[in-house]
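Listed after this line are the structures, all set down as structure tokens.
One chain, chain A, links the two complexes that follow: it is found with chain B in the first and with chain C in the second.
Up next, the complex of A and B:
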């Protein structure tokens, strides 16, 4: 059963990796073609040596992702705290509104957003791209963090109040350290959204050196108009997945560690 | 024209609560509470859950706002002060230790925020760790401590601030019975008899009687009676106090018109003639005492006698007139003996 699940989730990745490492002839026919080679690094060389090279897009995506994540968390933490401290009915209504926004299909927004970018002069600006990203991620982030705040024992904050900690100090020294696992998982969700986002990035950015990864990959061209560069696509997506993999591996421990264990009676 | 400087009354030390109330919408959580606690005195707030004792504690701490009334600490009105401004320390039922910090950092956080110099801070922390014999645990996290150790750390954090008032919210309810009994004199030694008043919330009457100099019994947000354990037990203000204090509980005989008689189980005794006829139903043998369940024409009664006393199946029950506690059968107020 476990093997089946692993196969189910890993097979597409393995296929991607395979596609990125073989020649086009090998991919089509399954055997070495006229050139005589089966395995190749040519696809990687192609995306790495392109102009601009792929690391440029990776860097752009990382910048947008980091900015979106920072902006989202900076806004979502106070929102979530305030929402959690609110009385029952208002909290319920606001949570419902947030949920409605969170499940709204974002594709329907990109034309309106494009209009906004034009009017406000935000096009072709990497950091400006994090504004719509943060806005779109905010509802879900607030909901997730509110639930995390709700799970902290209220006595902890009361004890800190009695010791004279004001609200920013309580957040900084007591609440946020305990929320680290939830903050990490929320941050990864936001980063992931920003990393994968396509329509807004496509419409807001037109200068090639400013493209983020998804529209950049879509622009990869084959040797002729009629060839689809499967190998190059695959190589670019493999390279694009590596940073994410790294990120999750780094934060994995903080996500799963039960920091609040033992906060109250054992 | 000023004839003479007004004479300022010297601030009365200790805690004074005047007409303190808290309402939430339609509900009254605490109504018009008046109490005074002297420095060094330990007052227990006792009552069933929902009686207003934790509400009172949170008002004193400044964690909730009062709807009416005043709180005076050492003569100064602190009702409007925030929790952090009051020099009030509290030990929570859950201990509320910061789980991500070591014992030493748990103690240091509040002092650091106040901007105390590191040297003075370390000195104070070392002193309080010494007092509570926590020195060896200073680098442990709360999760690595036993329940009793966590309670001591919570106590250390409260004492560290040299508070003018110490509040304890069911500090022993998470500990097992034996540890609770051992800790009672220790808690008294550490807290009571100092120069700050101590208010102790509990629903355990034995703990209240063992810990406190005086006990305030609360019910539905209203103070029923305040006094020493002995006063409350021997001269309860009403039926509720009489029934809440004392285990096994007082026997309440059926009302006779306006009046109802209450008799403590240990005050019943077998007599040769002239008592009420009783039949022995069940016996609980407790080692030092035994509890007898008796069926009588006045309903089922509980009687507490020495463990080695043997009694027949059928007996006559009597009591001394001075042990009778009479209550108004409607209001429950205690009445003078008829």
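Up next, the complex of A and C:
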């Protein structure tokens, strides 16, 4: 059963890896062609040296991801803390709003956000993308962090208050160090989201050298609908997936526990 | 300052950003849906007294897309729940390398949809893709997976199921972890079979998580865009044109922002009606008996 599950999950990905590493003749016929070679790195050379090169998109996505993660955490931590301390109707209303926005399909926002970006001059600005991204990640981030705040012993903060620490000091020196695992898994989820987001990046960014990875890949796909260089595509998909693959494998424990814990206690 | 005021101030920046990015666009699109704003008006809005909505009601392409989207959402979410439950039960079983297994099964969900959609286009390729290579190995003729309306729709669903089932599995895994192991042990002592345990214990206790996964996935699937935009576009005879894709095409291709806004709001209304309906049904059926 486990083997079947792995096959289902990984076979399509493994096929991309294989496609990226063989010559076009080998891909079509399954054997080395007239040139006599089967394996090749030519596809990687091609996307690495393209104009703009693939590392440019990777870099752009990394910049947007880092900025979105920082902004989301900066807004979500105080919000989660306030929500956890707050009682009554306000808490109920905010929680409901967070749940509703968490399940909202973001593609329905693209039209108005595009107009907003044009009005405020935010189009073709990588850092500006982190504003909508932070908003789209906030619901999940606040719900996860609120659950984590709820786990902390209440006496702890009272003791810190008696020591004379004010709120920012309590957060920085007492509460946040204890929340490190939850902060880490929230950060990873936000980074994943911004690395993968498509409709807003597609409509906000038009200059080729500023594209993030998803619209860049989609543009590749659209540019040559009939003669499709699948080897080069596969190389691009492998390179675009590699950073996330490493992230998921290194932080698998905090991603899985972050999502499951948040869901249990949220 | 009272504690309540402090709490409100702490929440305010996040709530403000949420209002700008979620509430304002909906209001703006609702307003724009009552305006003519296209190349004909020089892209500046002019009130057209419900003409957009009248056009929508008579637009067969809209109704076809609504049917495509709805069918896509119901079928793929249904399959995802079934497969996700099986996957979650498998990931919950103790064993060596469970952490790695969980991480590897999560990969399709974690990687960018556009990237994977491009991958699936190659997998379905006629005649060189791997699926056709397998067919050839069995002596069958190559099959055009993305050529007829019915099969294009079906294989788009398959790609979506592959991509999002891990997320459903993860949510249901959270539910499984919240069930005390003693409950299952006591049923085992009573001599219950695995099937009986699943029906009598696991599924009833899992219902809140199933509802959450269902609501979340249904809302997302009704807004499907990334996958179809890269994998098939509108598809043969519009067979994979989702409402979101039609709204996008109206704005970015036909430059008709007024009608695009109308489509956005129509999709939003459909979404609200369906999620509220689903929520009410689930509440009645699933949550009350367990109280």
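Everything below uses one rule, namely that the second predicted complex is superposed on the first by the 235 of 266 C-alpha atoms of A that agree within 3 Å, B and C clash if a C-alpha of one lies under 4 Å from a C-alpha of the other, contacts with A are read in each partner's own complex, and residues count from 1 in each chain.
Here is the rule we use: a residue touches a chain if its C-beta (ideal position, glycine included) is under 8 Å from a C-beta of that chain, and two chains touch if they have at least 3 such contacts.
Computed from a prediction, not measured in an experiment: that's the story for all the values here.
By the touch criterion defined above, A:38 reaches neither chain B nor chain C. Within the superposed three-chain model, A:155 lies in touch with chain B and out of touch with chain C [touch as defined at top]. Contacts of A:177 after superposition: chain B is touched, whereas chain C is not reached. Counting the residues of chain A that each partner touches, chain B and chain C differ, and the larger count belongs to C.
Legend: residue contacts after superposition of the two complexes on their common chain; A:16 is shown touching chain C, with no touch to chain B.
Within the superposed three-chain model, A:221 lies in touch with chain C and out of touch with chain B [touch as defined at top]. Once chain A of one complex is fitted onto chain A of the other, the partner contacts of A:166 are limited to chain B, with no touch recorded for chain C. Of the two partner chains placed by superposition, A:48 touches none, neither chain B nor chain C.
In the superposition on chain A, chain A positions 259-261, 263-264 are in contact with chain B in one complex as well as with chain C in the other.
On the chain A side of its complex with chain B, the touching residues are 153, 155-156, 158-166, 169, 173-174, 177-178, 259-266. Of all residues in chain A, only 1-2, 5-6, 8-10, 12-13, 15-16, 19, 27-28, 30, 75-76, 78-79, 81-83, 85-86, 90, 94, 97, 101-116, 131-132, 134-136, 138-139, 142, 167, 192, 195-196, 198-199, 203, 213-215, 217-218, 220-221, 228, 230, 233-234, 236-237, 240-241, 244-245, 247-249, 252-253, 255-256, 259-261, 263-264 touch chain C in the complex they form.
On the chain B side of its complex with chain A, the touching residues are 61-63, 82-85, 88-90, 92-100, 109-110, 113-114, 141-144, 146-147, 150, 157, 161, 174.
Residues 3-4, 6-11, 13-15, 17-18, 20-22, 24-26, 28-29, 32, 87, 90, 95, 99-108, 110-123, 125, 128, 130, 133, 162, 166, 170-171, 173-175, 177-178, 209, 212, 215-216, 219-220, 222-223, 225-226, 229-230, 244, 247-248, 251-252, 257, 260-261, 264, 267-268, 271, 275 of chain C touch chain A in their complex.
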